[in-house]
Structure formats: C-alpha cells, structure tokens
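One structure, as structure tokens, below. Some questions next.
A, B, C and D are the chain letters, set down in written order, and residue numbers restart from 1 in every chain.
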Amino acid sequence: MELKTIKRIGVLTSGGDSPGMNAAIRAAVRAGFYYNIEMYGIYRGYEGMILNDIKKLDSGHIGHILERGGTFLKSARSEEFRTVEGRQKAYENLKSHGIDALIVIGGDGSLTGAHLFFKEHGIPAIGLPGTIDNDLSGTDSTIGFDTACNTAIEAIDKIRDTATSHDRLFFVEVMGRDAGFIAINAGIGSAAAAILIPEKKMPIEELVEKLKVRRKRKKTSNIVIVAEGGKSGGAAEIARKVRKYLPHYDTKVTILGHLQRGGAPSSYDRLLASKLGVMAVEGLLAGKYDVMAGIINNKVVYTPIKRAIVDDKSVDEDDFRIAKILST
Amino acid sequence: MELKTIKRIGVLTSGGDSPGMNAAIRAAVRAGFYYNIEMYGIYRGYEGMILNDIKKLDSGHIGHILERGGTFLKSARSEEFRTVEGRQKAYENLKSHGIDALIVIGGDGSLTGAHLFFKEHGIPAIGLPGTIDNDLSGTDSTIGFDTACNTAIEAIDKIRDTATSHDRLFFVEVMGRDAGFIAINAGIGSAAAAILIPEKKMPIEELVEKLKVRRKRKKTSNIVIVAEGGKSGGAAEIARKVRKYLPHYDTKVTILGHLQRGGAPSSYDRLLASKLGVMAVEGLLAGKYDVMAGIINNKVVYTPIKRAIVDDKSVDEDDFRIAKILST
Amino acid sequence: MELKTIKRIGVLTSGGDSPGMNAAIRAAVRAGFYYNIEMYGIYRGYEGMILNDIKKLDSGHIGHILERGGTFLKSARSEEFRTVEGRQKAYENLKSHGIDALIVIGGDGSLTGAHLFFKEHGIPAIGLPGTIDNDLSGTDSTIGFDTACNTAIEAIDKIRDTATSHDRLFFVEVMGRDAGFIAINAGIGSAAAAILIPEKKMPIEELVEKLKVRRKRKKTSNIVIVAEGGKSGGAAEIARKVRKYLPHYDTKVTILGHLQRGGAPSSYDRLLASKLGVMAVEGLLAGKYDVMAGIINNKVVYTPIKRAIVDDKSVDEDDFRIAKILST
Amino acid sequence: MELKTIKRIGVLTSGGDSPGMNAAIRAAVRAGFYYNIEMYGIYRGYEGMILNDIKKLDSGHIGHILERGGTFLKSARSEEFRTVEGRQKAYENLKSHGIDALIVIGGDGSLTGAHLFFKEHGIPAIGLPGTIDNDLSGTDSTIGFDTACNTAIEAIDKIRDTATSHDRLFFVEVMGRDAGFIAINAGIGSAAAAILIPEKKMPIEELVEKLKVRRKRKKTSNIVIVAEGGKSGGAAEIARKVRKYLPHYDTKVTILGHLQRGGAPSSYDRLLASKLGVMAVEGLLAGKYDVMAGIINNKVVYTPIKRAIVDDKSVDEDDFRIAKILST
C-alpha cells in the first residue's frame, strides 16, 4: 500500500468510556505531530462522523488531559452507523476533511464498526482496546481495566471497614457483563469470601456452605464479589437467595456502578494507552490496517480486528483456582 | 462529685460505624493511660456490655489503628439493652470489672442509651458524636462526617468523568436519612445540577425545569445529588419520575451506599476524634457526666446529651441558597 | 457607597497557589453571572494586571475546574506591583476594561497588595484567604489548608508503612514557614512521636529523651513531624543533630515539599471556597470593601484586611497540649 | 527429591520493603494451610533467623493484612548472615523449629542470601521478587513496582497543579538506583518534559535545549523526572546545572523519597503477590528449589535465582523512544 498517502488521521472514542482514553488520544495526536500528520478529533464516536462533528486538533486540545478520566472527544452509541446509509454519510464527511485514516478507541462493538467501515470504504483503520472489561483478545490488558480494578478494590477496602465493624455479610457487585476479569481481580485483591463470575456458575448451596464454614472459623469480614449479569444473577438477587438460607446474617448489597468507569487512569493504564496511541499512528504509517494494537508480554502486537473481537477471552482457570485456595 | 473515684473507664462504639471511631478510641485510651486510669474495651457496643465481652486494653490494642476506618471494638445494635433487665445485666458486668465510667461513641441512639444508663445506674458517661450523618447538636461536625463527604465527592468526581463523556444525566444517592449534610456538601463540592435533601421538598417539575435550562446552556455534566430517604424519594424513584418528563435523556442511577462509612479518616476527622477522645477522659475526670463532648468554633464544648440529641440540626439555609446560585 | 455602580469585577489569584483556588474563582464568577455582573480574569496575579493580561470570562472558562488543584488564572509574584508606578499602570489597565471591583485570592502578601491598591486607587476589593498555611485571622480555615493536611497525612501514612517495617526513625518535613498548623494537624493525625513547630522551640535533648522513652516502650513507628523553618531547624538539620545522640538509630528524612500545594481540593475546601467565592461578590455588592471574607463558626465574616493580616494566628495551645498527651 | 518431606515452611521478608509483601505472605500462609503445612514467620529477615525470632503463624496473623503496605514480618539488613558462622546459626534455628523449606520475599540481595543458604545447608528455598525497583529478571513485574509507580504519578499530578499555576520547572526525583523503571513509567504517565534514567546519560546541554524548545511552544508544565543516582546525578544536582543555563526559570526540586515504598498495594500488586504466594508453596511441594517464582505473560514461571539476579534487566529501548516522541 502507499504508506506516504496518510496525511490526516481522525481519532474517535466509542462505546462505554474508560480511564486512559484521553491518554491514548493524546499519545496518538502527539505521535501524529511528530510524524507531521494532521490530526482530527471526531466527537461522539461514529455519531460525530455522521453529523460531521469533526475538528482539527492542535496541541492545546491535548494539554493536561493525559491524567483525566473519560474522553474529551466524548463517546456515544450510533444507531445510524449500523446502516449502510449512515456509514456512507460518515465516509463523505471524512473525505470532505481529507481524512485518510482512522484510529478507533473502544470495545468490541466499536472495533467491529471500524472493521466494517474499512471493508466498505477502504479507510485504513487501527483499533485500540478501550474498555474496562478486558474482554478483547490480542492484548494482555485493555485500556481502563487496571484503573477499574483499582477503583473497585479501593471501594471494597472501605466497605470492608464497615463489614468488619458489624460482622456483616456484604455482596458487592462490580462491572463486567460478559467477563469476570474485574470480579476476579477485585475478589483476590480484597480477600473476598467468594467470587461469582459469568464464566462459572456457583450453585447457591455451595456459596452458603462456604459462608457457613467461614462463620465457624470466625472470619469477621465476609465480602462476596459478584460480576454484574453473572450466571448466578446480580448481587441483589444472590443476596436475596442467601438470606433465605442464612436469615440470621446481617446482609447488605452495594452496586459499585459507574464510578468504576471514571477516575484518573492508573500508572499502568497511562503507560499502556500512551504506548498504544503512538503505536496506532506508527502502525498506520507502516501499512497495518484493520488491526487492533495491543500489548502482549510488554511488546506491541497488531491483531486483525476480527480475531481480537471473535476470540473468547475468559478468566484464567488458574486465577480462579488461586482465588478458591485463598478464600478457604 | 468525687472525681478521684474514677479509676477504670470503659469505652464502646455503638450504632453505624464511622471513620475516626478508632482514632477516638485510641485518643481516649492514650489519655486514660496519661492520667493513670485503667481502660477497658467493651466489644460490640451495648451488646458486649450485656454479654460481658469486655477486655482490659493495653497500648498494643491501639497501635496502628488511628488511620484505619471502622472500629476495632466493633459495633452492633442491641435489642436487649432497650429493656430494663438488659441494662441491669450490663450494669452488673461493668461492676464486676470495677468500671467507674463510660465513654460512648456513636449517634443519637447510642447517646440516648448512655443517657438512660446514667439515669438508671448512675454510671458517669460521656458521649462522643460518632456518625457520618452530622445530625447532632453541640458540635460543628461529627466524627466521620468529613471523611464521608470526601469519599462521596471522590466517587462523584469519577462519575462525572463518565457523565461528561456521554452527556448523561446521573442521579447519585448519598447517605443521610434524616439530614442532608452529606448531600449539600457533596452537591456543592461536585458542581451538582441539583441537590435533593430531606429538609426541603423540591417538586419534580422544578427539577425538570432546572435540567432543561442546563441542557439549553449546553452543560454537559448533569449530576443530581439525592439524599437517601429525602422527601422527594430515593435516587431510583426520582430518576424514574424524571424520565417520564425527559424521555430522551440518557439517565443513570448510582447509590454510593456503605462505602461512605469506611476508609481511612480524613485529617479533619483524625484531629476531631483525637481531641474529643482526650476531652472525654478529661471531662469525666472533671465531673462532666451525661454530656456529649463536641467542638464548636475550635473549642471543646460539653452539651447535655438530651440537648445534643433532641435539638433539630438541619442544613444551613445559607448553604442551600449558595448551592442554588452555584447550580444556576 | 453606590453599590449599584459595580458592573465588572476582576478576579485574580496571587502568591503560592493552594487547592480550592479554582473552586473559589468558579464560585465568584458564577455568582457574578447570577447578579448580572461581567466577570474578568486577571492572569498571573498582579503581574497580569500590570501587563494587561486580562480576559472577560464566560461559563466555558469555569467548567470542570472546581475539582482541580492549582489556579487556572495562574499566579506569580510581582516586583513591579510593589512600586507606585507599577500600581498606577495596573490601575489604568483595570480602568481600560471598565473593571469596578476586585476579588483577590491569596495569602497575606496578596491581601496586602489589595489593601494598598484600594487605599491608593479606591478600587473596591475583597480578599479571600487562599493559602495552605492557615496563617490568616478572620477565618477558621484558609482555602487549601484542609487539602494540604490530607495530602500530608496520606503521605505520612505511606511512610509509616516502611518506617514500621524497618523500625526506622523518620523525620518528615511539612510546609508552614511561619505557622505550625499543617505540622500539628499532620502530627496528631499520624500519631507522630513528636511535632516541631515554629511557635515552640523544643530543645534537641528533650526530643532525644522522648524518642528514648518510646524505644523502651517498643514503639515501632517513630515519625517526627517538622514544620519547615521551625525554630529548631529543618528536618535534615534536626535529623543530623539527633543522629549524634542516637547513632544506632536508622534515621531517614523526607521533605514532602510542593506536592502539598496541589491535588484535587477536599470536600471541606470545596465548600469553603464555594461559599467564599459567592460571598466575595455579595460582599462587594453590599459595599464591603477592603475586607477579607472568611468563615468563622460556619458563618461568613468580613474582616478588615489589615486586621486579617496583622493578627498573629498561631497554633492553639490546647492542640499542642493534646499532641503531647497523645505522643507519650 | 522427596517432596512429601516438607511439613513446615518458614517465610521471611528481607531488604527494602515493598507494597504487596503482606499480600504475598498471606497468600503463602493460606496456601500452606490449604496443603496442611505448618507455616512459620521469621521476623526481620535473616536477622530474625539468626536471632531465632521465629513464630508459628495461624490465620489470626494474616487477617486484614493483604491491603496494608509494608511487611508485618518486618525487614532488616543482616551483616551477620553474610558470614558462614551467621548462616550456620540461622540453619540451627530453623532445624530447632523443624522448618523444612523457606520462602524469601525480597530483592536481589535477599534472593542471593536464599541461594547461598540453599547451597550451604540444602534448605529448599523459593524466592519471590519483592522490590519496588522492578530490577529482577524472570518476571514481568516485581511485587510493589506497580504501586510505587502509582504513588509516584499521584504525587506528580499534584506537583503539576502547582507547576502549571506558576509556570515553574520542576525536577522530581523518583526511586530506582540502578534501574529507571519507575522513572520511565512515571515520566510517560505524567507527560514529563524529560526523563533521566541510569541506563542513559543525557548531556545537560541536550536537556536545556529540550526545555528551551518547550518554552517556545508555551508548554506551561515542565516536569523533569530524575531517577535517583541516575548517570547524570540526582535531581538537586541537575537542577543546579540547569539553573546556570536557564537562570530566569523558576526551578524547584522535590525528592519523593520513602513514601514510594508504602501505601496500600494496587490491584495489580495484590493479584501478583497473591498468585506468587500460592505458587511459592506449590513450587516447593513440586520440588522446585533455588528458584524465583515470577509471572511472565500472565503465567507463573520459575527461574533459577542465580539467573533472576545476574541478568541485566533494563528499561525497554522502545519505551524510551516512546517517551521521547511524547515529550517533544
């Protein structure tokens, strides 16, 4: 391919936001400037591409954003981009700005969009894994996952204070609709009594038995981590079931919710996002299209988007085994 | 009264725990040692008094607890202490240890217990305001309130990241069943669009109007703070109502819940708790019984427990007015 | 005075920055808009007044700054403003913008400037106490002080981990050149072995004796808090002296330095700054000139700048006494 | 080897402490219990082995320590253990307790001790990489490194607030005597103007040129990260040199120091430490002696101690290149 043709790159964030997206945007823009490329911000993801909400970026736009959660380019879901007409409109807007290539930061839905768009309109696109869920293949970690885990354990540390003071049983629901990564990390990291994740169904009787054993051993802090939408139900539902078996326990439920999506990115996420932002630009310049840039074993790897999405990434069996040993 | 008779003081925490309780216990115990008093820990509040779960404390018990949330003496609610028989049993247990006086750290229910106990059995008791709700008179702030406010705004700062990235409308429920102190502080401190507190009913139409005006002014971060049990209903209920008026808004609800009770106490709460812990001991030695020690205008003040409880402390009108100006 | 004449207010921050300055600016600007006043930002303090670095502010300038440390109006020291000619130039610049009144956020030097300027040129000015040092009269706390105390204790909490693990003796220097407020708060809040503040000279022998007694009692965490420029010297100097007496101790020194000036403001500082920002505008409208707005006992109080500065605010004797009891 | 002979394992932490050591101890002890092994705590590292400061651990010892910085087993340096006689004494103490195997958590010096001890006395030993410096081969990250990076960037975030407010040039010294890992992570993560690490010498003229270019581009936040003991000198020395070239700059120096060693471990370090703690026990049971357990690419790997220590781990060239692009 003619690599030298890339003169203007558009950057967008799409889907649920995650901490580190700003750092990735900044790194991409800064790398673009380094290689004398004009950089454009596409606001509100694919929606902004359709609505032509596109602005040329200068270094003022990316000052003091590395350390901020969220995404200054904003994010949104776009129904219209799912249609051929919507994508046609988007393509024309890109062309009107002379944008040659795209960097799309988001989760599987967002990367699917980039893939489709490349197939239809031939716009070179590189995806970056921007999601707190860590459910993409082709990278050891997604941008935002580490921060979300830190946010979760800091919140659970606080909950443990009150759980222990009252000998209470807490059910804490963390994010991760399809993958229990946050749950398993937060669970091991907070000495949880049990961890319920989508990948594994734990019968309610088993959980109750576990809690009874702990009570006998006089464990005073009993926190059960539940991934939202886990196979055994959400935290509130599980708490309701457990209460039937253990009516004398003082049980409480906390749903951490959206605070897991925000906050200043952790050091890990800043480094990951910064590297990937640079690598997205360098990948485009090297003719790597329709791929997602990720980091495996400290090295940048480009994986075809289709494979990054389709592959089934799930919690390591060994991590689950270790969690079990540690909560005995 | 014969002040010199106090040789053994029992300390307990009761009711909902709050950050800084450990700092208060530590300060009381350390002050006790300073004045050559034997200090006893009564575990699980009044319940432990009845069950005779009482231990002599040494400096090992209070090492490295100042900075920890919760209460190492644990807390519980005691039904039995509400009965004359229960209190009689508790009294006998105290006598069996030779305990002359009590320091009770907790909220209004806990202080009421101390007052009753003093009335019935004549045990000198001083209360310390230990609750995140700030709903006691006789002190500018209760132990734990400042930390809870910090926890709330830190969580809301994270939520704002994602709210702004998606132009979402968030309803965040903070603690404070009877008093909107956390809500008003967290609301002003997080540039909230509106603050709903128990002290003031805001008609849903007024709230909707406020939000519409902000939308017009292109405010991208719209966070409404709701005190639990506020007169207008909880966050989930209010969100449901607002959605009827503003169906096109992307609204979300987060209930911060029990994480507001935990965490390392703030500098303010450490200082407050430390001063009050010392003052509780010095107050008992000076013959101040049936009072709550508090800090008003940087000075320690002893207020009769009955007055500290009965008085109706509510959010300052001026604070509410300022909140309004700032959210316009 | 003719209150209605105020149509344009200039805001500036001056001297060392402190967390909450942005919140104060935002509140003042927002209150100005509420009262239909045009608000102007004067950049880099008095320097910007002389260089005519003055811009009209709109709501875009104050979005998402409440929670950020530092001051977006920037701060600087101005030698030229100390001269009559400099102030004359500054006055002419203000007039050229039609600015009728000033809000000056800063420490004693900055407020002195406002006072002088008012005396010379009659520009109504209200000062707000913006300094981490808490060394101004007329307010219970200055904007930024609470955050600085929290930053200090969080840092010391971390240092204590390593101090305890190695049975080390740490000297930690905190800010507060003329007043030991941060030192006393951080010291009580971190269970310090000793606190050295400018207001009190502690002979090195007394400190050494204190440390020996603690060693005997097997205290494993020995942290001495030193206010910079304290009468007994800085942390490094004191450590050097102590090492001569206690050569076998493993002593370390940490100077917290400028990180105490930054960070997201605490809940307390956000509320304080927000209230004072509104009150500065309302004060000007009510004809209160040449005063500093402060909060005493939860109420806003206007104190003549001259008195706010001249008064000798120093650490409460009682706090010092309590610190002593708690470190025994 | 006869794997079934292991019935009692001793655990110790040695060298500089790091966040996550407690989590590793807890995981090892819990895994030991799971496999019906008696677990012994050896206090103050090799010093305690020589002084026979060894205690049998039960689950009470490891409650609520996972989330705490430092090491409850304490750490110390031992001169005596460097002698044959010292190690002989240590060996006899272990035998007197019937301890069959060792888990040593620490940096290169500590692991060298374990290796020597195994060579001399045949005690099966597994090392765990416990150091904030990340300077051991055989693992992607050492226990404590991620937390130290987070602590550093949080501190630098605060410093940036004040740097930007005053247009100052800050030199911030982070830990890492022989390896620039913290510096490079903190530098990329905080948008540093330049990063000086031991692995690379940057001539002072080059640094000055870089700063001048940034000044021209009106960069308002200029933070230079310096690894302690870097080839170009410490932060104070470099600042002194730079001031000669750029006398008009307002330069400041902050040495982060020991606070980088403490604090609650990050999610990453809790998971890493928990896995490695379990794997240390399982490794010993599987006959893996004289090795260090580490995690590479999410999998546990056992590397001969000699190789883990000797290998020269240094900052990735690519990371350094990216840092350069991002600071242009």
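Simple rule for what comes next: a residue touches a chain if its C-beta (ideal position, glycine included) is under 8 Å from a C-beta of that chain, and two chains touch if they have at least 3 such contacts.
By chain, with names taken from UniProt: A, B, C, D = ATP-dependent 6-phosphofructokinase.
In this text, all values refer to a predicted model and were calculated from it rather than measured experimentally.
Asker: Looking at CA centres, what chain is most distant from chain B?
Answerer: D
Asker: Using mean CA coordinates as chain centres, what's the gap between chain B and chain C in Å?
Answerer: Once rounded, the distance between the two centres reads 28 Å.
Asker: Mind checking the centre-to-centre distance between chain C and chain D? Centres are C-alpha means, answer in whole Å.
Answerer: 36
Asker: Among the residues of chain C, which ones contact at least 2 other chains?
Answerer: Chain C, residues with two or more chain partners: 157, 160, 164.
Asker: Please classify the inter-chain touch graph. Allowed labels: line, ring, star, complete, other.
Answerer: ring
Asker: Which of the residues in chain D come into contact with chain A in the complex?
Answerer: Residues 26-27, 30-31, 33-34, 59, 63-64, 66-67, 140, 146, 149-150, 152-154, 157, 160, 164, 185-186, 188-191, 217, 220-221, 264, 266-268, 270-271, 274-275, 278, 296-298, 300, 316, 318-319, 322, 325-326, 328.
Asker: Per the contact definition, I'd like the list of chain B residues that touch chain A in the complex.
Answerer: Where chain B meets chain A, its residues are 13, 16-17, 19, 21, 68-71, 74-76, 151, 155, 157-167, 170, 220, 252-263.
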